[in-house]
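Right, I'll just put the structure down here and ask away after.
Every chain is named by a letter (A, B, C and D) in the order it is written, and numbering of its residues begins at 1.
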């Protein structure tokens, strides 16, 4: 039996007992419940008190939640005086007692509170939800970042990669999980169950990370198509009836064409880099005949960057002759007009390559998807013309897509060069054409 | 597929790649592997580096391990100067930046190291093993308690009750789990599989806590017998063929007769209080006709205490007349001699009640088992003569056993009075007889 | 590992070996494959030969299949001469040898052929499919019923109730099973996944029988709603958002509102009677507070019967005064017109009660649904006006529905009286009103 | 939920109802229960009546059981007169009706009875048990073979290979299954759990067939050792600590060293031939580097045959000179005496080869193990001196063992030649040495 179910009945039973003794329980504030939970009463019937906090939090409206977060900030922060005293003692003696006392003084009581909330049924879920709210509030209340420091510290520790399980998602997975794929797919929209069934069809794979405390809730998932040769276009990947549907043992390439995070409350607690590499290994093990592992990725920042560069008279990237050509994009149907399309193609592809390779924020690439895969140790392999003619694809990158290639034996070297020196790994072909632009 | 298996192949593959690039890898020291794991290299192929640490640690001998722990103490501790500086800045500004900087300065790099080790296959297992070693070393090297502060802090967070799963253990459980029950049973010795099968027989239950990262490894387990009326003796509990084997729906009482911790490396990270209460709730749910939940527990400290009191001429507990009677215990076979047995019974039972109720360490009872159950909110119900005539039972408590009774509706009240004021809850009968002694 | 997967690889491997030795294998006819399978070659690599039959059958077109069934009829029937000889020997000696010889002579080689086909991967599935084809052919080729005698005999034995597993279907069941519910629902149409999710929502249950050899294929399923009091109308049952959604422990009645068979190839191999009674028992066990178990069922034959009676000038059921009232039904929107509706209600309800109670085919009721539930031992409880205003409901029974009530303690008695003497059990109220018509 | 559990509660509930109506139920005879079960009452509450039969049968003593079997023989056999009539009608008309009528007349009511018993909880188990009893009675009551004709016919159909599941048995399998391996191991005795753990250790495999209706009950299992080169001796196989424990990917040969049937009541319903071939395929799939699949088998009939030949003065196999040598075997410790051992070795090995190849019963080999593996299509590969020095090995075959080799591509050819013409396949080496004797 899963503990959660049991916790439920334990906590329910506990709550009944509490209610009998204290008729005013349901009226108590979230703040009172927290105080009870942290007191030694909490040790005896911890999950009942924790459940009271969970229920009270979930009932709160926006205003009450914000008030609650400020309460956490004001009443559950470490005491500066005490911290300085303990810091001095630590410097003086440097022994176990001083070390423990310093740490106890610095660790905010919020962390213990969060750990105790986690004992309630759905505790972890509530904390992830709570962080989702918190991140929203932080935009206008930046001082709440202090609370997120504690909460995200805890979640990073709990969602440590060693605690995640990788699971394959298939058409015979539980519907309650599958409906979440439809909901969370963030790259190539799914209109419903029929779309989903196609993405789990022949020569298709889907993998997700799960955490034991969020059963039935994928954290992140990746969709994969097994094909022959590097894919250059999205439609045949998301609809297998469009491709020549060869038999699995004739495929040689795994294309990662969509990666979606599912939990807004886990933003910034990165799983993506682990996920891709583990799926590569898993596919290699299961299908040893696969030799290439690559993404087919969007270039979300290209057109925005291009428009900024066009406005910039001194752009180092745009030649004068390009500007006329680019003006053809004003025609709404430019990509359906073969003549225009052929005229803009070399200019757009040249600029897009420059964008991927030269456009930087600090020493790293502007483009967030590029930053992600290059940071993982992949290389830029190839730019593809008209790989995604959906409205979104045209808006972001004039329909272009790029392959990032995962060569496992180079991943570590690429990663180090990228992180330390901003070096961008590319295929020979990409490099050659880039120089010739 | 469980992540561990996959991590294994991922990490193996990573290690192969690393080995090819760096022929000296296998010779590198544990210390070097740790440095690599904490560097940014670790981010690309984290689990490969983590695995190198795990392998190197497991190969180490006692001397190398001790050296390693001192290395952790010296090279991975927070910098006192920096801590003081950050503490002052925090006091001055009290904003997010200062808060984060203070915490970063105080959190020892060991914690990050341990979290990264946890990414390796068997990472959690290795950390539990490492703590087991550490606790051993601490006896002669108390300064290493500083490291245990960090490690136990992390393990407490990871083994948070919200992450544990309660599972029933039955005769159709995997042998690989069952053999651990035989190994870890700490209260009433099992000689092998036949004994185990009896303890999982008719009207018997066994429950254990598991953690998702230690598959197949019980953390703690409790053995339960369903009987009619409060049990007063061990043999019929551990061998159902000895009791009148009534049908399950005629039972009214669940007796918790054995609780064993399994992981030395998790010492002090308490699960027992959760376990008993949850099993009570679970049994109530499954078998609503059960009305009593009680232990039949050893009294491990009684005879040691008694012998100290006997040596103490001024003992407030022992009457002069008792001393003669107690000398009869010098006869090795006293408990088989009905005459002696009857003579010592009232004296021993009287003294044992005093021991349980009056003998204190601080404001809490001397006896560790009493401390545990009373701290959980149970009450002392009844003392039982000759409940355990095994060598161990005679040595610890002259064969006496005690029932601690779990009345869920009183657990919280009892717990609070016990923790705050040292009040010991008892049955009316126990109290009455105690006063009359 | 499930045998089917393995059988697949075994049979594939076997087929490869066979193909190497016999290049003409793929061209061989279904008839040749059957002959091989029955020969002693089949014993060595049985599943390979069986697989050849399965593949060849699935490739066949209608004409080839029909030819194949005639081949089974002509070449695999028992030899009449031999049967007579063995019958005489059996009469003469009546010993084991004669008994075995008689049976061997009478059992058609088709049965052995079918049993061997069953060894192939998907063998059972193929045989069910084959019977589905066969039943279709029988309409125009009644002599093929001889083959169905053998095939259905075998399937009845294999789908013996002792081999079926009852499983609850929930929203977290595999999508591959759920999509079959949408497909096979035969009583109250589901338009897709949203409908299905409602039917598996709060206070709803769904159970199906499965057979180990048809994994993922429900044989029959029943949809249940937990409500307070006997339900009289379909819409709130198939859409829980329409009912007052009380908490589960406030419900007292389980309504079986839809039962659908899934496998056309298993027609006539009845599971429905087992299913309902077992679900009643299962619900009683899980939810002891339920006290009533009833269907809310269509009356598929009522309007057809009524129209026949109307055409019959001498109908013993229709009074002259009724005929005028009934003519109001000519108005397409009669049921939306309150005046008409109220006028026809007493007449239609009276006639429908007579239909259910008096209209017979032989000694059993005309109505197939009545025959099914009364044959299971249920009683007619209540007739409900306007319980199903769907097009189908109006067409069949002018929107009326009937409750059949399962009183487990009366089921056997009712069943016997019904089967032996055609006695129809009813509630007192139904009986009373019936007499007063 | 498994049907069996549910059937239990259904049948229990049914039985309660029956008991209330008919107080004499528990006193009724097995024969009465059978009559009820076959009547139409059985259709309403079938499992309750079936359960009554099961309970009554299990309570019966030997005498009552024998009486019951004679009752089945006398009261449930087909009517010879009717059979002849139907046979004549079938010959005359040859249509569906005549066919069905013939079959109905010939099929004994016992078959329906057995099928209905199968609906009870543990029905299949009871029928297997019943056949176990029946086979015992047949020895002295050969006329009961008639009943076994029906029962084994049914069991063969139900235990059709298509319904079996192959499962790997490992140390983490349920103890309730593992204890049955200890109990049923019939070739190389296991003394208990320690022995079993070794046989499931490194480079060891174990596979069993299960049937869905006998959960937790292996039907047959095979133990496999993965080694390098053909094994010639048992001890290193049953105790992996004795072999050089190479890493799995260095092994090239799977040795099947023990095959045991588990269910006496399924005697003669052969699974062994399927089992070995499927395990070969499964191992090939999982471990593609394995190239040899062979048994290391006992030769149970050799010494018995040899002693008969020695008594036969005209033996065509034993030379005069051999007789003297063979007399050395009179020394109880002959195999420990190197001199004797070397003297008898060539003679015994020569004779044993002749035994395996020439000693026949009909056209097939005398030796039952040879008959089994050669019938499966294996070949005799090699005879091994002193492969099994256990008491049993010495008694059966003077410690010799033989390897039967499974070359999947030859299995079908070998099988056909063996079954049709008694041709025994051997390795070239075996053949060559055989001729040279």
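Definition applied: contacts are C-beta pairs under 8 Å (C-beta built on N, C-alpha and C of every residue); 3 or more make two chains touch, one makes a residue touch a chain.
This is a predicted model, so every value here is computed, not measured.
J.: Where the centre means the average of the CA atoms, what chain is farthest from subunit D?
T.: Checked the centroid distances; the maximum from subunit D is A.
J.: Distance from the CA centroid of subunit A to that of subunit B, rounded to the nearest Å?
T.: Each chain reduced to its C-alpha mean, subunit A and subunit B end up 38 Å apart.
J.: Between subunit A and subunit D, what's the gap in Å when you average each chain's C-alpha atoms?
T.: 56
J.: Once you find the CA centre of subunit B and the CA centre of subunit D, what distance in Å lies between them?
T.: 49
J.: Every pair of chains that touch: which are they?
T.: A-B, A-C, B-D, C-D
J.: If you look only at subunit D, which of its residues touch subunit B in the complex?
T.: Touching subunit B: residues 171-178, 192-193, 197, 216 of subunit D.
J.: Inside the complex, what are the residues of subunit D that reach subunit C?
T.: Checking each residue of subunit D against subunit C gives 1-3, 6-7, 9-10, 13, 17-18, 20, 40-41, 43-47, 77-78, 80-81, 83-84, 87-88, 90-91, 94-96, 99-100, 102-103, 106, 115, 118-120, 123-124, 142-143, 145-146, 149, 153-154, 157-158, 160-168, 212-213, 273-274, 277-278, 281-282, 284-285, 376-377, 408-409, 411-412, 415-416, 419-420.
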